[in-house]
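Some structures to go through are shown next.
You will see two complexes here that share chain A, one where it goes with chain B and one where it goes with chain C.
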Partner chain A sequence: MRNCYIHSAVSISAQNTFASEDFLLDVIAHNTKKTQAIYPNFKDFIAPIAARRMQTAVKMGVVTANKALQIAELNQPDAIITGTGMGCITDTEKFLNSIITNNEAYLTPTSFIQSTHNTVCAQIALGLKCNAFNNTYTHGNLSFESTLIDAQLLIQQQEAKHILVGGVDELGTEFVEYVQMMEAKESKGIKVPFSEGATFAVLSSEKKVNAIKLQAITTILEASKEEIILKLEAFLAVNDMDANSIDAIILGNNGDAYDAYYELTATSLFPHAVQIEYKHLIGEFHTASAFAFWLGTKVLQKQHIPKDVLKNSRQNKSIKTVLLYNQFKGKDHSFILLKTC
Partner chain B sequence: MQVKELREELKEKIIEQLNLEELSVSDIKDDDALFGDGLCLDSIDALELIVMLDKDYGIQLTDPKEGQEVFKSITVLADYIAERTNK
Partner chain C sequence: MPNEPTNKDTAPRVAVTGMGIISAIGNSVQENMEALLASKSGIGSISKINTVHADQIRVGEVAFSNDELISQQQLSDDNNFTRTSLLGLFAAKEALKNAKITGINSYKTGLISSTTVGGMDKTEQHLKTFKTSSESQKYISSHHAGDSTKKIAKQLGITEFSTTISTACSSSTNAIMLGARLIKAGKLDRVIVGGTDALTKFTINGFKTLMILSDEVCTPFDEHRKGLNLGEGAAYLVLESETIAKKENKSIIAYISGYANTNDAFHQTATSENGQGAYLAMQKALDFAHLKPAQIDYINAHGTATPNNDLTESIAIKRVFGDDIPDFSSTKAYTGHTLAASGAVEAVFSILALQAQTVFPNLNFKSKINETGLTPTTEIKKKPINYVLSNSFGFGGNCSTLILSKE
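Coming up: the complex of A and B.
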């Protein structure tokens, strides 16, 4: 089976991660309940005639995807795979509200056409004139992880050499308010802002200078905290590793009661490792773990951990292996293992 | 409503409805082609305009050939609406 390497990773988030070359040097503190991503000037990247029907998710996706391809020096990927939890929620809301407002009449096509979850993946392909494999996963908080599994399988089975993968979600305007109202009723609900973002990466079977290896990924729909420990140990064992092999672990803490999963995992298995968290910087959304993928890749490439993501004070001199662990409400657990080459 | 005012109203509606953020009313000339070389509108825009005609002016376009003629320019569209609504 062929190995899977990361040739580039690009992210638009609630921090200056797209335009700035600084690696989370000057972070922005978000004290609001929801926060938008920091958008580049989309007009610099997308022609107005094309952009006029695009909502934020599509614009963020198209721009990050193109930059990821540019960095990887790739014109045409063999596959484009996108993950999104809520898809193009802005147009979905617009279309559904239009049905109600107009009493199910006078429905215009644009917001309906653009509201489908695969719009981002399709618009990227249209822009590239790419007729290759094009797929979108909408698996809640495992949407991005599903793209990685699909891409890794395609590479391992030699069905594709270079694959563009990404995770993207936009805030929308209405649905997120309802989710927040529900969350506010929880005694220990999510404390980080609800947010949005897009992360795209080029995965390849070709080893390249400064490429990072996507060693393994697995997902678990539901498990207790104790079961997660066992499953994580088994996951590492399959990859000829144990907990001591991990130099840094990136955890998806969002301040809710289910952070106990991360605490138990970190204290039980990884007291020696650098512990990193990021959702206080970029907020929570279905594909927030794609940002962790970007962060892990950058940490390994740059051999540096920005101080604002450090959860504990340990900082190894050399970081060769990073484990990403994310879950949402005790469900949709994922482990992603990244290594230097 | 005078036809001149109707033309300005149509320009505003087209800009808003079709998200032509880059354009202002003054950028659209009365006799500019709406499709093709002029504003470069496409088939999705045509559907949006058909819905707009029905919703805002009570005019139902059912014949595609008629649509091709009606959407030639702002002038043609305004005259078409004025004839049917006495605006």
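Coming up: the complex of A and C.
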């Protein structure tokens, strides 16, 4: 069975992560309910004629994907796999509102065509003229995780060598308002802003200098806090590890009542590990955990933890193994293990 | 999922041990089979959605109303099941029953579903009352495409692994393919795979703006085809590792012998002139299955009856099969185009073709497409069928092909 290595990881987020070479050096504080990602100048990357039809998710996805390929020095991936929770929600809202407002008359196809969940993945393939395997997952907060599972499987089973994976979600305008309205009714709702972003990575069966290994990933639909502890221990055991082998954990705290999952996990299993959080910087959305994947990869490559994500006392020891844990409302749990090679 | 070591050469074969379906031609596998054998189309006037286009379109609606589906499945009154979820749950339950699975977690069992519209059927009814009506608000969380899968998983008691694929009209073929790959890799013992999509105003108007909806019952592969009929439905297969199916003395109804996923990489909605994506999908699926084109006994074509699809699919079929084109037909004139569900719907039909050793006729065909001159099978044809190839192509250039076999 082949190993799965990360050759590049690129992210557009509500921090300056795409254009800047700095590693979260000057972070932006977000005190709003919603926040857009920091966009690069899309015109520098996408031809105007193509960009005209693209909404934010497609633009972020295409640009991030291309940079991930460039860094990995890969022209044509053997597979392109995208995850998105809400898909192309802007065009979905646009077409839906045209139907309602005009009572099904005077409609144009563009927003419908661009509204399908596979638009980002399709536009990446189109730009590359890539006939290879092409898949899109849309499974709530496990959408990005599903791309990793698929990619790892393709590599392990020797069906592909170099794979472009990514998670992308755009904010949209209307639906997010309704989601936030419902969230506001919760006694302890999400505190970080609702947001958006795109993270793409090249995974490969080939080991490379400074490559990080995607050791394992697993997803759990629903579990109690106590069950999560047991499942996490079992996950580590399958990978010949225990809680002491984890140098750093990256947790998806968003300020809601379900942060209790992270707290119990951190205190009961990883009292000695470096604890990292990130959603206060980039917000919450269905594929926010893809940012943690980017962050984990960078921490391992740079052997440095930016101060704004570090949640407990700074540790000087080298970081060889990072565990990512994310969940949403006590559901859609995921564990991802990243290692230096 | 745990990372057990696997070896490609010793990977188990993927057996189909059950299937379930709900479509415009019936609410069970049996009813669908009877309609296919009787050449009975399910296409008619739209009755469950209030649309201004009602007189200009024909659709393949599932007979049951939401209320009927809710009461049959004994869901609570305050449920927030969308029609997509209701159809999906209905078909998935039949698939499990058909596979004689009672203890869902006696083996590592997953669910891979697919949808394009997700909860859109409810969203489009309630969007403007989300702010004010508590009755509407329960459908905010059911909009996203993963919702139907999660609801089905919960109802079936699946805890091991679940995900949702959305690659437009090839979605459920990709769900079947992922399920087969997970079994081959030893990551799951058993997996329920398929897709579900309800008819919505959103898709009716979307396809209407593209001017590819026919105002008559569709005529796949006919020179004078006017476009597609939208349909709704859901279908699921139960896939099991052959080793386990045999150990459990299961009756194996088919094998997943080959599959491939490619992208046409030509245009968001149109297909390339030489049908490159479709050609590659069929060719790679044949290569994967170690089959020669001549071994395919029947092609269940994508055949949506749009001018674009049927021409390029014909070209791609000719590129793969040369002068020796197998019997082929599109079953879209029975069910309409069920979008994400279509791949699984047609996988069920392909298995029925294997079981009945019958090619189901392509309805409403009169004249050959000038450029390609292919004639689909238009009468019930009994013959030995060992291998069926089924195509599913979608927006975004997504092309997938599945090969199902008897042995």
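FYI, the second predicted complex is superposed on the first by the 339 of 341 C-alpha atoms of A that agree within 3 Å, B and C clash if a C-alpha of one lies under 4 Å from a C-alpha of the other, contacts with A are read in each partner's own complex, and residues count from 1 in each chain.
We take it that a contact is a pair of C-beta atoms (placed from the backbone, for glycine too) under 8 Å apart; a residue touches a chain by one contact, two chains touch by 3 or more.
Since we're looking at a predicted model, the values are computed, not measured.
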Touching partner for A:P48 - first (chain B), second (chain C), both, neither: first
Which of chain B and chain C A:L128 touches, first, second, both or neither: second
Which superposed partner A:Q180 touches (first chain B, second chain C, both, neither): neither
Touched partner set for A:Q36, first chain B, second chain C, both or neither: neither
Greater residue coverage of chain A in the superposed arrangement, chain B or chain C: C
Which superposed partner A:S143 touches (first chain B, second chain C, both, neither): second
Which superposed partner A:P109 touches (first chain B, second chain C, both, neither): both
Partner chain in contact with A:S268 - chain B first, chain C second, else both or neither: neither
On chain A, positions contacted by chain B and by chain C: 105, 107-109, 113
Parts of chain C lying in touch with chain A, wherever the complex brings them together: 1-3, 5-6, 8, 11, 51-53, 116, 118, 120, 123-124, 127-128, 130-131, 137, 140-141, 143-147, 149-150, 153-154, 158-159, 161-168, 174, 178, 181-182, 184-185, 187, 201-202, 205-206, 208-210, 261-269, 276-277, 280, 394-398
Chain C partner contacts - residues on chain A that touch it in the complex: 1, 80, 85-87, 95-97, 99-100, 103-105, 107-109, 112-119, 121-123, 125-126, 128-140, 142-143, 146, 149-150, 153, 156-159, 174-175, 178-179, 181-182, 216, 218-222, 235, 238-239, 286, 331
Touch list for chain A against partner chain B, complex: 48-49, 52-53, 102, 105-110, 113
Contact footprint of chain A on chain B as seen in their complex: 17-22, 40, 44, 47-48, 51, 54-55
